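First, the structure itself, so that you have it in front of you.
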Amino acid sequence: MKNIKTKLGQAEFRNPVLGASGCTGYAYELESYTDLSRYGAVTLKTVTYTPRHGNHPERIAEVPAGIISSIGLQNPGPDVFFDDTMPKVIDALDRDQIIVSVAGDTIEEYVELCCRTSQRYGEKIAALEINAACPNVRFGVGYFSRDPQAAFDLIETVKSAVSLPVFFKFNTNFENYLEVASAIDEAGVDALYTSNTPLGLKINIRTRRPAIGNVVGPICGPAIRPIGMLRVWNLYQKVKMPIIASGGVYTWEDALEYMLAGAAAVGVGSAQFVQPDVVKHIVDGLERYMERESLDSLTSLVGAAHR
Amino acid sequence: MKNIKTKLGQAEFRNPVLGASGCTGYAYELESYTDLSRYGAVTLKTVTYTPRHGNHPERIAEVPAGIISSIGLQNPGPDVFFDDTMPKVIDALDRDQIIVSVAGDTIEEYVELCCRTSQRYGEKIAALEINAACPNVRFGVGYFSRDPQAAFDLIETVKSAVSLPVFFKFNTNFENYLEVASAIDEAGVDALYTSNTPLGLKINIRTRRPAIGNVVGPICGPAIRPIGMLRVWNLYQKVKMPIIASGGVYTWEDALEYMLAGAAAVGVGSAQFVQPDVVKHIVDGLERYMERESLDSLTSLVGAAHR
Amino acid sequence: MLAKLIEFRSVTERDALYVFDCPELARAASPGQIVELKINDCLDPFLRRPLSIFDVEGDTFSLLVRTVGRGTEYMTRWKPGVEVDVLGPLGKGFSWSEKEETFALVGGGVGMASLNFLARRLLEQGKQVHLLFSPKRDSQLLNALPQPERMDISFAENRTALPAALNALLAKGIDRVFCCGPDGLMEIVAKTSMANNIPCQLSMERHMACGIGICLGCAIAIRTEQGLTYKKACKDGPVFEAEEVSFHEEH
Amino acid sequence: MLAKLIEFRSVTERDALYVFDCPELARAASPGQIVELKINDCLDPFLRRPLSIFDVEGDTFSLLVRTVGRGTEYMTRWKPGVEVDVLGPLGKGFSWSEKEETFALVGGGVGMASLNFLARRLLEQGKQVHLLFSPKRDSQLLNALPQPERMDISFAENRTALPAALNALLAKGIDRVFCCGPDGLMEIVAKTSMANNIPCQLSMERHMACGIGICLGCAIAIRTEQGLTYKKACKDGPVFEAEEVSFHEEH
């Protein structure tokens, strides 16, 4: 019997293909385009401690095999999120499919958001995701992604405050990403989620100005997959916790490639913009592959390229 | 009268579109595929202090909108280069089109290579290019690209040893690339040449092993252009010397985009693998653009997106 | 969803009309809505392209497309018979009330695309349609209109001449204004209409990644009682009320 | 250079024959040479694809292509009439001397592709051609051969059976062996031929970026008197002498 179920720390998912935060909306928007039950899970758009308008347009610029985006974490804040959004999410997804992503400017804000989520919806979601790419009021953007001690403190505090599984989503752009990952590993997170999106710039040659209102933004999409692949490869050799890899997953082959490099699961982001039912196709593809290769599970393939 | 001539420090070229080292062979191989006189210049494949066999195959892996390569600086070494290769190069290109790229493991090796080149061919070439991406025997790969002091010493020593224009080609992958660039700026180089190629990995899902013999290799091609664009943007704000940008240039629009970001000239690399006459097309395109926009020169556009 | 190209026709040197057979989409579409087309089946160009529905007739819909970049250039090479991957109809289109009788449609260049389908529906309901087009030098575009004789068509030489031309038109007694074109033109039309106290709807453009409301890439600054906020061009729009759109203010 | 596809024919479930009109290339080609095809005009797939010239007749050349990945899959969608961007003929092909009369051509799977054109030229010169094909289960591929009746064709069940089959063939008196197939098969053929003191040429495959000698991506390890060195499959090869190719040794 082939089994595509995927355990990430304390959390268990129906399959290893997850909708990535900010690229899957609140899932219910996709209901008429795909079969939502085929998602391993969906990480909802990050909710921040206070509502955020987001960045000035243009927010999207196409680049070869990818996009530069600059959304600025636009979201309605926790009150609207809990009262209006979550009920619709719960209608669209099963409990084991819902991951709530939170971000704050301080550890206290993160913890409060986690606690509120846990109190209100703890029974109805699968996990919490700490988006560590948020600007820190004192130390700037990505602080919790680049300071091992801050990352450790953040996770340790959150873990002791809630009993839900906790994922740590961070950006591997900083040279010390392996150190940060080690700190997280020690702090006892359920899974490490990598975004692997380097910063980029595009200039509009007609206006002769940056194409993005904010000038700079992270690059996502297949273009950056080989970068993500290398970082997952390196992380797999460094840490023990399961890795969720995002960055350019478009086909089942891409998902498999990340798993061979060491990812236990993958997050699918911008591919959904182009093909809203892409997650279903990836899961179908992985199942067909297991069939063809007579694999009972994909677990044995995780990190297999290292062996 | 439109004038597309390009001054880079002491060196002057017929146009700002250069064939990048390692992607243009020794130029004469391209004679039957394009009009070599349309190249602003060609940087020849890097010659190292001692001959190098290069890396074990496979050396090439295709990725979305680019490739991972791992050549390992294969070259026949200076004796064969000077005696057999250079005469053929001189037959194929004009003096102002020839840039010789050198690399050593120590400053002494660099200097000796520069002096030998200068003595033997000083009258017959336009410039020397210091490939700073070479492994250092003591401090590992990219030492001269990541240690500002080492970079400064290297350039200062070379500049005082030869009178030819000198370009410094370095990789912007290290977090301190702006510091390194500042050091070079002070050392008084004629131009800064950026390669902008992040490291990547691909796994062959059939063999379940890395696709490249060497596991890891730099990614080049359009996929990484937005990364290069941002780094050139940042460098332009930091340094005074002219910048030569490489990384994903394929069309005249790409060349123009780099110039708007701050590059005085561009290096065209892997695009030539796909379209051996691509440099001619880029130069034609820039000339047509100047015509259409009634521009006398492109100089006013260099860095224009900052203003 | 696949749509089969059944006709391709040049309208001007840089604009072309594409007619697709796609019953499901054609039947569901309403004026002002858009489609998102996949240009080819590889990763370059990466994103779909958002285009207004120019017309609907029976099982077919058409697009009026200006060739401006890689994607639209690629489209000009499509041959009838090709099947194209399309999402749609998407977004919220134009709206009006039964009581309103006379409409001014202001089109700026290829922005005119979304107004033709609107005109068709208005005419079907026996309404009166005035089309004001700017800039006049682009008027060859109107060759794409299937029923020009049923509208009253006038021109503004350019943007400078537009306020006067629109004022003249509004003076005839217009119940509602619809506009689609570049931001600068729409701002003029919004101001002029509001100054005349005539309701006005604008069809807004933003670079889009998804077209279906999941990326928040297509932000339009909207005035609300609580201050400025961003709405989605692809889902809350592309059509917005003129009063609510903020063309300049930042937060 | 553009080559126009004039015929497309399935040979097996996963192999197809493509015939192109391209006088310049066809006239210049010699057996063992390759072409580099651009799959489409966008950035994905990025690289050209190297393919052996399967045959040349008058102004046309043909390719026998196994569908294995994105690029070759894309090719199967080409319709006759399409114009494809091609570089070639590239590289150094097979060579033999006038005195040699009897040849063994050993093909492994679709590696057979480069041997058909060779067979044609040998037969034109009145030489005797023995084709040994492995593995037998792939023999449907031989349906692509235009003149099978003019060769003596035999089979090896698989790689294990190959040395015996080749020894039997060589025993008939063979002047030279040519081989094209997977590395593992070529190594066997090289060893067996050398053991019999019969000259042997191999057509080698490597991932290629440029195909024209400027990237050094297609390295083949070659034995020389000064030790191992790397040569370029695209320019110095793809055909090499069996003695010079090193299948295993690293530096």
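Letters A, B, C and D mark the chains as written, and numbering starts fresh at 1 in each.
In this text, contacts are C-beta pairs under 8 Å (C-beta built on N, C-alpha and C of every residue); 3 or more make two chains touch, one makes a residue touch a chain.
Keep in mind that what you see is a predicted model, and the values were worked out from it rather than measured.
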| note | Greatest centre-to-centre gap (Cα means) from subunit B is with chain C
| query | Once you find the CA centre of subunit A and the CA centre of subunit D, what distance in Å lies between them? | reply | 46
| said: How many angstrom lie between the centres of subunit C and subunit D, each centre taken as the mean Cα position? | reply: 55
| note | Here the gap between subunit A and subunit C, centre to centre from mean Cα coordinates and rounded to Å, is 35
| What are the residue numbers in subunit D that touch two or more other chains? | 43-45
| query | Going by the touch rule set out above, which residues of subunit B reach two or more other chains? | reply | 63-66, 221-222
| said: Thinking of each chain as a vertex joined to the chains it touches, would you call that graph a line, ring, star, complete, or other? | reply: complete
| request: Mind listing the subunit A positions that touch subunit D in their complex? | output: 64-65
| field | Complex contact set, residues of subunit B against subunit D | value | 22-25, 29-30, 33, 45, 53-67, 69, 71, 74, 221-222, 250, 270, 272-274, 276
| note | Listed in rising order, the residues of subunit C that touch subunit B in the complex are 43-44
| Which residues of subunit C touch subunit D in the complex? | 40, 42-45, 74
| message | Which stretch or stretches of subunit C touch subunit A in the complex? | response | 38, 43-48, 87, 206-221, 228-230, 235, 250-251
